[in-house]
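Next, two complexes with subunit A in common: one pairs it with subunit B, the other with subunit C.
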Partner chain A sequence: MTTSEQSVGESRAEAAADPRQTGRQLRPGLWHTINERYPGSMITKDDAVPLARLNKPLAEARVVMVSSCGVHLRTQRPMDVTHPLGYFGFRRVPSSARHDDLIIHQLKFPHDDADLDINVSFPVERLQEMVEAGELGSLSESFYSFIGYNMDPEKFEAEVATPIADAIGREAHADLALLVPA
Partner chain B sequence: MSTSYLRQAIADGDDEKIIRFVRLHLGDGSEKVGRREIDKSWVEATKVLVDYEPIDRDAIEKTLALDDATLASLFFQLHFHLIKRTDGWIHEGSR
Partner chain C sequence: MGLIQRQVEARGIPTVSITVARDVTERTKVPRAVFAPWPMGHHFGAPFHREIQLRVLREAFDLVQSAERSGEIRDLPIKWATVRRESKHLSAQGRQL
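Up next is the complex of A and B:
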């Protein structure tokens, strides 16, 4: 066996190891090298909208959740996760959905734990419980989900972020948004 | 890489930048892994064909009549479809 074959074999063995058992970070140094590996994919925004103050108690507030984990109803068409430039759409997920109704169909991040309990990435049942307990006022009818792999920030802003923001304003009538990155 | 970066590479005829992007995409951020993944999908396609199973040529001809964007996207989807058959799925997400 050559050194390179041995190296490939070792890296495959490392890849096969369950990171939950080894405690090993799946991609050490990922973010330190992202600009080198994906030149041009990171952008700087100078016109961020300031956060608004919540003007009512949480127990009276209506909450919407927005997630980049790519979750959707099992009955919905999966998002296109193989397109090299990403997928520029989103899904409405009923806030009444349960773990068994939902699936994450994604390639770019590990979601084996979320497959066992969707609340790991998309805490929909936890929010339902908080409403039942009177800790939150209510949930918007729909939550919003998209995939985080998008190589065109301008297109993403125009076709995903803005339509979600518009939908939240038009449909959700929420007092606060819980943004859940994956 | 951003789309504008790729468009510039295409305008410059800089195929090296484009293939680097493809390898990064298919290798989940590693060019070396991406190169190996590309090889794996061709190996899998060849393995499938070696037994001369019947082929639906009509379906292929109908598919090839589709628009280029659909076909190019299908090309990437077929890559992932083929390597799902292998051991050592690297993409961590759903199969």
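Up next is the complex of A and C:
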């Protein structure tokens, strides 16, 4: 066997390996897959954003969380999960909420496990515990939630991304932001 | 989500995200991310597995403190098969855990 044949064989073996056992991305090429299904829906950026620095210890830092899993209080109006272009709004979710207060309305990702334990997608109770344990300083009063199914990136930026970033800058008084897609 | 992360960082607040789609995160050039090789909707692992949920959070907060360059992605060295194996007995015991 030549070296090139050997490397082809190895790469085939690698491709055939169960990704649950390899630690590689479970669904490789997701960007291309989604962009083929929904042309123009996926973004690419060429420039890096300069890093902001955390200017205090974690134990004094106030943390805000943003999630695209579609979680909200059971008492809040659900987001529209049926519009073909997606839903361009967001909800504020109290950072004091517990699993039983919350519900996920979303069709585009499996949330059966998060329905059992919201912390699988939206680790609000773990963050509360980290504050209680003194690992984190505090949590912003509200966290922010939207549906990560938006097929119009420009409309999304104008009506969801910028308003959430503005709200965080204006009202969250956060030292650090945790962003969790679904 | 990448657009929001970039905007928040640009407002002077340090950010970190969790991703299960490394290729999407690379293309979005978010400031910092932790990659977990796990399924969609399972960014913090499995139900009732508090240790793994906390591990992901601690890795993310550590990255905020230690990242030297924008765009750094930290790979979490925990296979999905391991998460499932460790969490099997937890689900059955319910939320009291």
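Keep in mind that, in the parts below, the second predicted complex is superposed on the first by the 147 of 182 C-alpha atoms of A that agree within 3 Å, B and C clash if a C-alpha of one lies under 4 Å from a C-alpha of the other, contacts with A are read in each partner's own complex, and residues count from 1 in each chain.
The criterion applied here is as follows: contacts are C-beta pairs under 8 Å (C-beta built on N, C-alpha and C of every residue); 3 or more make two chains touch, one makes a residue touch a chain.
Computed from a predicted model, the values in this text were never measured in an experiment.
Looking at the shared chain after the overlay, A:Ala165 reaches subunit C, while subunit B stays out of its contact range. Once chain A of one complex is fitted onto chain A of the other, the partner contacts of A:Ser121 are limited to subunit C, with no touch recorded for subunit B. Look at A:Pro153: by the touch rule set out above, it reaches both subunit B and subunit C. In the superposed model, A:Pro84 makes contact with subunit B only, not with subunit C.
Contacts of A:Ala177 after superposition: subunit C is touched, whereas subunit B is not reached.
Put simply, more of the residues of subunit A are touched by C, taking subunit B and subunit C as the two choices.
Shared-chain residue A:Pro110: touches subunit B and subunit C both. Shared interface residues of subunit A, touching subunit B in one complex and subunit C in the other, are 26-27, 30, 43, 109-111, 153. For subunit A in complex with subunit B, the residues that touch the partner chain are 8, 12, 15-16, 26-27, 30, 37-41, 43, 80-85, 103-112, 115, 151-153, 155. Contact residues on subunit C toward subunit A in their complex (touch as defined above): 1-24, 27-32, 35, 37-48, 50, 53-54, 56-58, 60-61, 64-65, 67, 69-71, 75, 77-81, 84, 91, 95. For subunit B in complex with subunit A, the touching residues are 1-6, 21-22, 24-25, 28-29, 36, 73, 76-77, 79-80, 88, 90-94.
The touching residues of subunit A, when paired with subunit C in their complex, are 18-32, 34, 42-54, 58, 64, 66, 68-69, 99, 109-111, 113-114, 116-117, 119-121, 123, 126-127, 129-130, 135-136, 148, 153, 156-157, 160-162, 164-165, 168-169, 174-182.
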